[in-house]
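Chain naming follows the written order as A, B, C, D, E, F and G, and within any one chain the residues start at number 1.
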Amino acid sequence: MMDYVVAAVTALLLIAGALFALSAAIGLVRLPDLYTRMHSASKAGTVGSGLLLFAAGLYSEDSVILARALAGFIFFLLTAPVSAHLLARAAHRSGYDLGDISVRDDMAKR
Amino acid sequence: MITPAAIITAASSGALVILGLALLLTVWRVIAGPTLPDRILALDMLTGIAIGFIAVIAIKTGFSLYIDIAISLGLVGFLATVAFARFVLSRGSIKSPPSAAAAKGKAKKRRTGRKRQ
Amino acid sequence: MNTLIFRTVAPFLTALMLLFSVFVLLRGHNEPGGGFIGGLIAASGLAVYGIARGVSAVRRALFFHPLSIAGAGLLLSTMAGLLSIFFAVPFMTGLWIYPRLFGVEVPLSSVLLFDIGVYLVVLGAIASIALALEEREVE
Amino acid sequence: MEPLLSILVGLFFAAAIYLMLSKFSIRIMLGIAILGNAVNLLLFTSGRLTREVPPIIPAGLDALPSGTANPLPQALILTAIVISFSFLAFLLVLTYRAYQDLGTDDTSEMHAAEPDDRLLPPLGY
Amino acid sequence: MADVTALTFLALCLPLAGAVAAPFVIRVFGANGAWLLAIAPLLAFLHFLRFVPVVARGEVVAGGYVWVPSYNLSFSWFLDGLSLAFALLITGIGTLIVLYAGGYLRGHKDQGRFFSFIFLFMGAMLGVVVSDSFLMFFIFWELTSITSFLLIGFDHEREAARRAALQALVVTGGGGLFLLAGLLLLWNMSGVTQMSLLIGSGDVVRESPFYLAALILVLVGAFTKSAQFPFHFWLPNAMEAPTPVSAYLHSATMVKAGVYLLMRLNPVMGATPAWEILLPFFGGLTLVVGAALAIGQTDLKLKLAYTTVSSLGLLVLLVGFGSEYAVEAAALYLVAHSLFKGALFMVAGIIDHETGTRDITGLGGLMRAMPLTSAIALAAAFSMAGLPPFFGFLAKEEIYAALVGGDIRALTFTSITVFGNALMFAVAFVVALKPFLGRPVETPKHPHEAPVLLWLGPAILAVLGLFAAVFSNFTHAALSSPISAAIRGGPTEIDISLAPHIGLPLALSVLTVLLGIGVYWQFARARLLMAVLLRSAGRGPDHGFDLAVSGLVRLAGRITRFTQPGRLDIYVTCTFVCVAAILLVPPVVYGELPRLPIWPADVRLHEWAVFLIAAVGLAGVLIARDRLTAIVSLGIQGFAVSIIFLLFGAPDLSFTQFMVETLSVVILALVMTRLRLVSADRRPPGRRIFDGTLALGCGLGFTLLLMRATQMPFNDTLTAFFNAYSKSIAHGANVVNVIIVDFRGTDTLGEIAVVAVAGLAILALIRIRAGTERKLAANDPDSVEAEG
Amino acid sequence: MAAPASTVDLSAAMIAAPVPIGHWLAILPVAHCLTLGAVLLMVRAYPRLQAWLAISGLMLLTLMDAALLAKVATEGPLTMVMGRWLPPFGIAFTIDLFGALMAFTAALAALAGGIYALADIGESGRRYGFFPLLMLLMAGVTGAFLTGDIFNLYVWFEVLLISSFGLIILGSEREQIDGALKYAVLNLIATTLFLAGVGILYAIFGTLNMADIAAKATDLRGTAPLMTLASLFLLAFGMKAAAFPVNFWLPASYHTPRIVVSALFAGLLTKVGIYALIRVMVMLQPVEREELGFLIALAAAATILVGALGALAENDIRRLFGYVVISGIGNMLAGVALGGVDGISGAVFYAVHSMVLMTALYLAAGQIARRGGGFSLSALGGLYRQSGGFTAVSFVLFLAACGLPPFSGFWPKVILVKASLDIGAWWLAASMLTGGFLTTIAFGRLFLLAYWRPAPMALAPSRRCWRTGLSLAALTALVIGFGIMPEQLLRLSQSAAAGLVDRQAYVHSVFPEGRAP
Amino acid sequence: MTAFLFNLLLAIGWVAVTGSVSLLNLIFGFLLGALALFIIREPFGGKTYPRRLRPVLSLAALFLKELSLSAWKVTITVLSPDMKLKPGIFAFPLTVTSDFEITLLANLITLTPGTLSVDVSTDRRTLYVHALDCSDPETTRRNIANGFERKIMEAFR
């Protein structure tokens, strides 16, 4: 029975994670400018792959592997905002302006 | 009879297809751009999706060792993005693109002007 | 890149990456990993540190020139191979000992020594390349 | 599977060679990077392909059960990857220096070592 | 005789010892050191002299040492009449030349070096004539070319001397290569490697299908060395050398080497139609051309040089005739010519030395100032002119006796010879009489009788020329008979004496003398006539040499610039054309194409996606409009490759590929930061189509090869072994890693060496700046500034 | 050393017998180079210590290679399987006479170069790794000569290649960068082709051990993949060796680096290409070599002529010598084309001669520039007047390069010409002789212009330097020695060639039972 | 102090990841961690370490909640047919002062719905945040100040 529970949860996590990733990809394609796309990539991507990793850890039914999967997830949480920040900052500093639909840019006033 | 294995197989195959689709979309953004940061962002995302892809493979094949690869991939993707951001920054502003000739002149000046390196 | 956020996070990331690199190195014999990948991860960690806090910080941190580390690694690997001359077996023959530390049997081998050498070479060489390039960037 | 991979390998080689036939050093470097992958895939295919099962001996077993991927080409490729990476890194920096010192990335304009107006030796005695 | 072999070896080594000792001896004793140095060749001469009775009995002195046994080569000599005569001439005249050079180059700053060169040449020449083994013969043959190069170019600060030296080297050295091929062919044909054995296998050689090829090769070698037309031009130019060199090289040694070779091979290759046509033809031509050109000169040495050409032609002609008389005549003329020509050259040198000029038109009346020299000159000239009672007469009589006959061939060559001899007669007296007779003419230097070192040599030679004729029986028994026996390959039965052959030969001699006197009488006109003739004939092979050399260099330049255009894209294109050919030709030639797979193969959806991504990445790199898109696309194909590795059970690979691909992209990005470059394709459409086709061709080739190779049965013993023992013996569950660090750890050792060196090389590339090292090259190696 | 409890039969996987200490000679040269290279890498900051270590290390290497050569010459091929795994599973170092001879000569050349470098490479060159690069170059070269595993051969190729990259750019002059780029790209293509060949070879044979391939190759014959494979190797190694029509990289780069580096390259690198070509074409794929013989002979003839003509057309003496290297490669290639013990022994002899001679020639070029003020023939002159001793040394080297007696170049030329005439390949013999003739003209002109011709400006009297003098004199002595007493070397190259043609001893050394499992 | 805690954290992480729970492995992990920290020793001069465990856990909980919300919101946004966006960058005046706190806040903001930290001003007083919906920046500022920023100050002061 436990097998079924694990399998079901894993399957759910798998599909959910994959869909998150897909939605992030769609966002990447659909959103109008670089900065809005960043929201999509840094969040949905992290969560999507985090769910999938978690699924993998869970499915192994091994605490060590689960711990490792979680450690990996935490690592992404540490790095994802930093890389987003670096890219956004660099882009903004190099003159990549916000898209036309943007309503405000306090940084440009500096 | 639906076994747990069958559930997992079906779900993982489905996930792989979805992720494959996501990968292709992301690749499209890499190619399409339009700006350099867009491409970098898409590449960063590509590693993110690849991590998920690998996790699914780990489940599908039952080899949890793939998880470690996924972890290192996260690390690597981060490094790439940092380096690219660094690159974008050091290229200077795109609003006043220096001409190729100016760059050459600059390179020459640096060559001659440098005393000790 | 002089950003407060990156500067603050970088040491933690680097420490994590260094630790992870040793992990990857040590488990290589039984699972994916090994000296080469370990070394690459460690070098990447140092690269992150260098990008965030400047090359001189890394140089100070390392004490030795990265290439000297690479040299030491190459020396260690070769020595691991030459060790077998004392046991009348050919070059690079794996030699194993199993000392007990605190009741735990720890397998040590010339093969491990070899892999550590690989780790050091990769760490040193790649770090040297990255630092040299980064140095030119900043000038 | 091998025929499909063979075709992919062919594509990799074709792309790499097309890039390397260019006059521009950057494109040549891109070609070299791809060439490395092409050869690695060739080595990989030459050891025949097996899906998904890595050559790692499961706990409790003493030898690898059949049906796993061939570890030897993998080991060879691992060596080759590292080597080609080292070369690529060197070449990239060299390209950079060439651009700096020679002022161009067009290899057909690089004549420092082989000047167009190379002298003939004196014709007398 | 204690140990003849060892002594002979020592005798052969004496010149070498002289070469080594000469600079020191000269430094210590000055020009008078020549007396000391002359001991070396004199000892050798005396040693060889002891063999004369033995050889005259028809025996052969042979000996030697093992040298290169694995190539059938020994350092061995073989002295029959021919080689002994040559050995005596070389060492004998050599002794006199050493003395002469002591006087001639007195006070010259390079006199020591000069003696070294002369001795080296003497050793080489001696080696040529005594060698038994082909290869040893050839080695010494080439050594004579090399050492003569040094001698002719001795006055190296004059361009003409350098030119002449190169010319001699090119002509004789080049001919040597033909000779080498010829000798190797002879070796193949006969199966022997020694002259002494070869002489016995003449029939085998003559019947071989390669006979003509071998003959032509050998003849080119001999003709270039012996200055036969049309290779004659180097010899007069070689007069740029100091006179002792001319006297030595062009009387008895260098130029005679070719004649020696022909004589040596006469029993092996002679007596065939080809031999009997080619040799007389070229010999006769050379005789006439040489004599005619000699008339046209005003320079004493040049006159003598052209008569040497002429005499060599005569010798070749005689060898080609091959009859008993012809051979005897050749033997006599060979020795006679060595004596009188050596003496005359030395006399010319004395005149030059004493008066400061060699121009015949600016000389006269030297008899009073230099009575001894003029006597010597006259004696030598008599011999050269073929007048009794001198050695030359003896030879000339035999020549005519050999040539006369009723057929058209005999008639032709007889008239040629008479004509040539007449011209030489005239030249002989022009050289020996004109400078000494008449009123004294003002010369650059005030002439005196020459010092003893200078006149001793020619005097001895002149006297010998007389004695040889007077004691003709002895000469015949000791010298000419053994020589002709050697040339014929068997004993001869003719006799000679100073008493003239009554009959046609005597008549021809008289005719020659009369004609010669006629030419001498009208010498000025004859010279003008020759000059006009020469001018109308256009420029000769000498000028051709200049054209050939500069033309060769220009042609080589053009070819080199074509094969080496200095453009990387051409080099790469050429390389890949070869690759495409190599990959595509064999399957087509052997008709072995791989079985085509059945589509669709068992490929899963996500696998297709990955392949597609790889393809898209590749396409992205190819079509990218800016370099960053290209770099990012490069990352995509790299990621696709790592996922392919992952999908086919290679986690380690995938792991590494991810890392490496990222680092590559990072380094690319870091490196490209400063470069304002466009990576877009900028080649014209035609070039694109060509490149694309070539690239696709190579790709197709690799696909076919890989498909075919993977369709062959696979031998997986290695893998099975690794899988079986990885854990059980090597204690590792990850077979790939165990292979890397244990089974094939040595690969990894090399690999990390590559990584370490790459680090070092890149550091050097980034850090070292141009110029820092250049200072070093210019200045003291130890005073280089430290560098960061 | 406690072995873990195991039920596995060790003898099925490992060589049980203890290894005699003498067998270590198989690996010691390489291990020594790597060790010393590593140490030198660590002491980069101490130029004096580096130089001292490197020179004594090179001497030791020479001694090791000499001992190895002596052992192999007396006892036959020597094999050590690394990690004592049964061959063909572990990497075997199998040293036959051919390999040992090449390794020994390479060590001699490197020693001479190293001593010369003491005077030629200054502080910055040392700091940026001349000596470690040299040692690791030697590791690559020696490894390539000694290994018995084809993938391992690839690895050593790469070691020597990357070291050569490091050496070629020491100095960073503009032409060095340009030359290095062409050199690097083209050589990288060559090694990549080699690696692709190894992959295909593995796909076909399933093994990488050369003895094993030699043994197995007899079963699989005449098929297109094998021909393609052989052609691929031919192209890859032909490129490495700088054979026409893939010789461009050599004249494009060899004249650019420091003169010691040029000397080492000229002496060592192309010879490794020839070594591999002989090893693979003659020992592993003799049937394919036979079929490709005509093609190889054509390439050989073209290489000889292109090289000799290039030498005639060059004004820069370093480039001139580069073409002489190429011409020599053509001669060795002719030996490969001829096959048979005669042809191969000619090629082997030529290779040894060329390693010594070309190193010496480039070192002499360095002296010419030092004494005469440059490398340009149009500006040189007066060297003969300046120093008789140096002129004598140069003259000997020039004669040897032309293949004239009595120096080392003469013997291989005679052997090769004879071997060509033996099989009726008169045109090959003719091209060899023509090549020698053209080279003679080139060197004759060089001697005329640079030595005999009066100097355009008065030359300063040259200062004596024992380091440069010693290395040049020692190499010249070898050139003379090989010429006057060729027996030893001739016998060695004949035995080496015989060992390559008849592979029994080689295979037996790896598989004492006769065949691989 | 931070260094020691971080080192201990690294050791525990080591044990968890290697999966071999033993004292020896913990010590080994600690030693390795110490080595890693030794290499990057310079930055650890500061004194920031959490005083109480509860606020830290509370912060973590808030973060996880916000993270899931964030992902979901972004998903909804990108999948909605019309995507009514009013993106923009607004300035957020910082109350926290230490490097560590600023960094933590900035990263947490990035992981919350619709906001992304772009840069910190050189005087370290202002954080520039990009928001998908920048129609009412004042509300967003208040949410951040009362949410993450307050909790951070509770945990680390």
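Here is the rule we use: a contact is a pair of C-beta atoms (placed from the backbone, for glycine too) under 8 Å apart; a residue touches a chain by one contact, two chains touch by 3 or more.
What you see is a predicted model, and the numbers here were worked out from it, not measured in a lab.
Shared contact partners of subunit A and subunit G, listed by label: C. Of all chains displayed, F has the C-alpha centre closest to the centre of the whole protein C-alpha set. For the interfaces B-D and C-D, the C-beta contact count is higher for B-D.
For subunit G, the chain with the farthest CA centroid is E. Taking each chain's centre as the average of its CA atoms, subunit F and subunit G sit 61 Å apart.
Averaging Cα coordinates per chain places subunit A and subunit E 79 Å apart. Spacing of subunit B relative to subunit G, judged by their CA centroids, is 23 angstrom.
Each of the following residues of subunit B touches two or more other chains: 16, 19, 21, 23, 40, 42, 57, 63, 65-66, 68-69, 71-72, 75-79, 82-86, 89-91, 104, 107, 111.
Looking at subunit G, one finds that residues 13, 17-18, 106-107, 117, 119 touch two or more other chains.
Residues of subunit C in contact with two or more other chains: 1, 3, 5-6, 9, 12-13, 16, 20, 30-33, 36-37, 41, 44, 47, 67, 70-71, 73-74, 78, 81, 91-92, 94, 96, 122, 125, 129, 133, 137.
Checking each pair of chains for touch leaves A-B, A-C, A-G, B-C, B-D, B-E, C-D, C-E, C-F, C-G, D-E, D-F, E-F.
On the side of subunit F, the complex with subunit D involves touching residues 8, 151, 155, 158, 161-162, 165, 169, 172, 174-182, 184-185, 188-189, 192, 195-196, 198-200, 202-203, 251-253, 255-256, 312-316, 376-378, 445, 448-449, 453. Of all residues in subunit C, only 28-37, 40-41, 44, 47, 66-67, 70-71, 73-74, 77-78, 81, 91-92, 94, 96, 107, 109, 111, 114-115, 117-118, 121-122, 124-126, 128-130, 132-137 touch subunit E in the complex they form.
Partner subunit G is touched in their complex by these residues of subunit C: 3-5, 7-12, 14-16, 18-20, 22-23, 26-27, 49, 53, 57, 60-62, 101-102, 104, 106.
Those residues of subunit B that touch subunit C in the complex are listed here as 65, 68-69, 71-72, 75-76, 78-79, 82-83, 85-86, 89-90. Those residues of subunit E lying in contact with subunit C across their complex are 651-652, 655-656, 659-660, 663, 666-667, 670-671, 673, 730-734, 736-738, 740-742, 745-746, 748-749, 752-753, 755-756, 758-760, 762-763, 766-767.
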